[in-house]
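Chain lettering (A, B, C and D) follows the sequence in which the chains are written, and residue indices restart at 1 in each chain.
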């Protein structure tokens, strides 16, 4: 039997708290899970710094990747036998779903920003480079690695397969909402998964939803909305994220200025130089980063020491809402006051903004990659979701934003009285409550 | 107001997936959670290597410690107003429950064995030494640190408080069964917590259970039994544990033999020397250990390299049941065959045994520290559980054991044919299935 | 000790699948639960005909009444100690919450419409009349029955107590959403109850919500919206409801026309005469109604027989969406065609409409009894929910309606071909799908 | 296409709180659910009088029957493709599982005892008689009704199919444990259903369990044990059951003595005469019985009136444990005292016993229909469960019993002082607590 179609002698399962069991029948899936690049995902948290807000959120991307695979398995199980769908498509979809997050590094968001990286590029590189993953994929067929990479990159011509892991209602989002809700313990991420799975249909170039399942889709979109504001954009997690990016910024700056580290940061050198090899990228995981943070906590540079100490021991910055109309003059006063009291504003007065678009329909003429969700009517027509759903219509296209200013309250409180301190206290409203 | 009684202006909560919310009112509890020694528990997994079997089991001891605290809070809330119980006892119990695991190191079990350490001693040391935790406790009263340490050490004269966290049905066990079941996703750890909390009563020197709650206790004991065999003693986790202890053993051996490491293992030196300071102990957490394992994967010593590679990339040993009657002659043959084919049996042929006593009653005349569970009858008498429960009687005092032999099947399969290989294959039953 | 303050020797609990346990400490609550008027609620389903759509929805109003009581107990437990709140208010709130549905009859909605009744009037009558409930309440104080009645009637001067069971976010709604979701098995009714309970605050004349809990309120409102359309207005349940009201209509019509029933419908006579005594009302429950339906199934009047047979054996009418613009001409054609083929349109061609207003704010100048939900800001100000919540703003004040036409498809299909049948088939779109 | 194999155009589902969804594909299953004999199960509670103890337990046998069907559907889905298993067997198993409880009457246990009936006989009669169910089955094949009846009757030669619904670990028991736990709200009925389903294997004449699933079986057996004592044999439910059987006994006695009822109990006449027709049996459901109880509450016979009033308004008898060694002399004293104070001991002093055998293995030479559970070892051998499971071995074959004496405490308390009252109070220990 060819490797492509090879099935395990007996189905293997992983116990999973969200989907009960993850079922594996294809040997290629089993072998991929065993590769070192996939196992590495165990050392990268799914929700980055959120565990500092929600202590249950310590789950890894390994966890989530298996979940997305399982959802695609269940969705496509229902597709079997339909003319729109073949076994080749299924294997491609299963593989791509398993590997879609392969290129994520530790605390991706901050790393990408500070070192100008793109985790999607590294996913491609791992699939196409000289890796264990690549060699397993190659055994399926010569072109299989490219195909899988193209699906994850959304450039594959089979947009139906692409839509399973990259659309406004894909297996990726469905798994992370349920999983993140489970591990954080919040109730907001719940929606009727069983129902959704039952009403998904393959249709030309995307997965569509039978109209009878409209309320399940509404529920899913509202869950997404709630999870964004309750979990993903939680200001405490963002505060930790701010520390993280300031640490990386500082250490890069120190390196470029020729600072002598007590221990050479070998794992970071190519990041500092802006020339990261695949090998270097792969060997950097969260245990390595945390090792360095603990080492840097002992460095003589005060700012690096302080920021690392704060991150490791969770002594986070506090925040105030920073309305966009914060007057330029006040901002300048604040900035100068921080400088005057010896708190470098680059590191100790940090703005952070975030925004979310709960659901977007397609606006002709606009460039917008968010393909809308289509409902399949009993008459076999496709209608865009917000045209039938009052509630989705009400929120679609409406961006919601949040701006905050992060700073070390403990340091401000320790300051001896001065007019700068007064200015800070007044502008950051520290005297209230 | 004295620090002892100080309450937070407004109750603080942590979202918890197991108990929904953890509620904090005392300032001392809040301050303890913020110490670096307590935050360190975030970097130590509750279930050691179990995440390699149950991918959901990535939760930390930080997680569990908050849970034990919350259970003691709820149990003692019901005690309030009873003559047997004072607010002083409550604060002591809450603090001890929060801190009871403070001295756990990374992968405690293996570390303790290889380096001859005792995590309970370190818990004592952290509470009594020059630490942030100690300074917070001291603010309550001069003797408070000693009192807390004594409760955790089970030597405190108030055995009622001790029994809340150290008995056959204490908050520690109740939390870990529920929590480990939640994160692994198995259903075995469930029992009727609400009911148990309602029927617990303070009685002289221990917590007892109203007889009407007997079935809830039975259910709890059976859960414990099932969790031990389904989760805690799972052979795949034990296989990872075997690798871990072999790595530590190897690296210590190499160090003592004067091996030159590429990077001096600073964090381990005092462990190798058998003279671990509190500071050294505290700074060793699982992120540090995983950093070293990844470094040692690159060492020239083949065994160290191989074992670390196996652990990091989850290429575990396989196992056979090793019945106690494995004949001495066969064992010798096997041992010699491993040596002959170049697999050092010290590292590649490892025995591991485990056993569990589901419930134990007190046998007069025997030294046995497992205090039995007492039921409180409607007539206000105490009767030992197994005297009233058929099912507990049926299993009490019965030890169950499991012996296994771990080895690298992949290496055996790669061997060129030889009579040693044949012997190994036959004795390890590798030709079957 | 006065009866008013009398506590049970030991707290009693009821096992409840939604709230885990219902806790009772006051003797008056315990005694009320034991009255025959309260026990009668066991014989009235919480969701009327919904069990014919969702087979799990067989739970009674007894079930729900205990749940509302428990929620008020938990909400007001958090109020204890606040200056805005007294123990007298608590007892009043607990009692009113327990009894708020006391006057519900079997399948209330249809009965009220056909016989021009009002269950709220009967709740008042039971509380104030010569009943077991009344005598228990009287033992608290002479005016206690009137007070409880006034709270349920929303006329009590203590609008804070009133708001606990009659507002847009009261214990009644919170319990039924969770409970109905639990028993039907749908996931839509879930929201973060624990969080809501923690953020409810007594404030002058109503319960308000701390702003930090805004997302929990949003979640609750969206749950309500989903439950309305997924469960409460499900067309299959409405189809059963249509049968029910047609049966009652027919039997009343027959009675008024002097029809001779095989067994005199004693329990219904005063309903037919429009002069229902309290005693008659109370003795009519769903087991009595179902007895009669089964008896009437054997009557010689074909329509009564047929409708009862349909209801008892669940042979329901089918439906088409009946857009408001169904042209008058078509409607006349349809009506006449039904008459022509011998299907009395009064009974076999039934319109039913329903509509829902997910959330309503207060519009000055309009008469509108729906008091809006207020959020309490950190600055201790009250702000109406939709002013802060994008999502609630998006849906507030927007009525959604649904019009359907119910008819017996089986009868139409059995008709011999004729131009009337053709007309019916065409207008009801029976030839499609 | 023949009716036998006819599939619905699109799979139909029922929302189910326990199994999420019940899936129906075969037309015959769909048609059977629509028959009036099956719909009648909606009017019979699954747990008889248990709703008077656990208010959530209001679910019907309709509910459970769908659940058993769904479990057999899922178990046999895994069998598909195995040589031991055919589609014909599957249809037979699905049908038998759906209909296995068809002959249950209202409050079966008491009715069977008082009127000497057997619900299994009526199940047979409904399947084989002139019923809607029979006519649907007949359309599959002439012998299909007999086959289905034989499976339910355990006499079918295909014992593998029989074992799916009648063994110590069948779909019937699995569904009711989970379902009754869900509706009562207790946690005891939980076990790892998913795991069990995965390890069940068809093997000659019974379903066996792969040895790797042994712990899941243990968990199931322990759940069964706990549910028996916590729910099924709960003394409060038994107290209601006692009332029920006393009512039936009294009404039969009155009828036989020529008592003139205010309304002739038409539905009961053939029961009194001991000659129950199928038609009479079917039309008796719990709504009818409750109608009569409420009518009889108004009868002039005091005992009938009183017992019905007690049942309808839940004024239950209290109980004392009645150890088997209750001395004959005391019993006689008690009996005579009841007579002396005017409480007919036949109705007001009722013994009730119950016992349970948690698990039984096969003892050669004994007549015992409880087929043991077999585990399938990796070597493909069958080993009886208790030989491998310590915990099952510990409890197997051990019968546990409970004897209680039920009586109206309210009546005793109302008695004027007398030596008989004293005797009663002493013997029933009414002066204690």
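Before moving on, here are some points about what is shown:
Note that in this section contacts are C-beta pairs under 8 Å (C-beta built on N, C-alpha and C of every residue); 3 or more make two chains touch, one makes a residue touch a chain.
Here the structure is a predicted model, which is why all the values come from computation and not from measurement.
In this assembly, D is the chain whose CA centroid lies farthest from the centroid of subunit A. The greater number of contacting C-beta pairs, out of the two interfaces B-C and B-D, is seen for B-D. A separation of 52 Å divides the Cα centre of subunit B from that of subunit C.
Each chain gets a centre from the mean of its Cα atoms; for subunit B and subunit D, those two points are 44 Å apart. Multi-chain contact residues of subunit B (touching two or more other chains): 20, 186. Residues of subunit A that touch subunit D in their complex: 13, 20-21, 194, 198. By the touch criterion given at the top, residues 14-18, 20, 34, 36, 39, 42-43, 51, 54-56, 58-60, 62-63, 66, 182-186, 283, 286-288, 290-291, 294, 312-315 of subunit B touch subunit A in their complex.
Contacts from subunit D toward subunit B in the complex involve residues 186-188, 190-192, 215, 218-219, 222, 225-226, 229-230, 378, 390-391, 394-395, 398, 400, 433.
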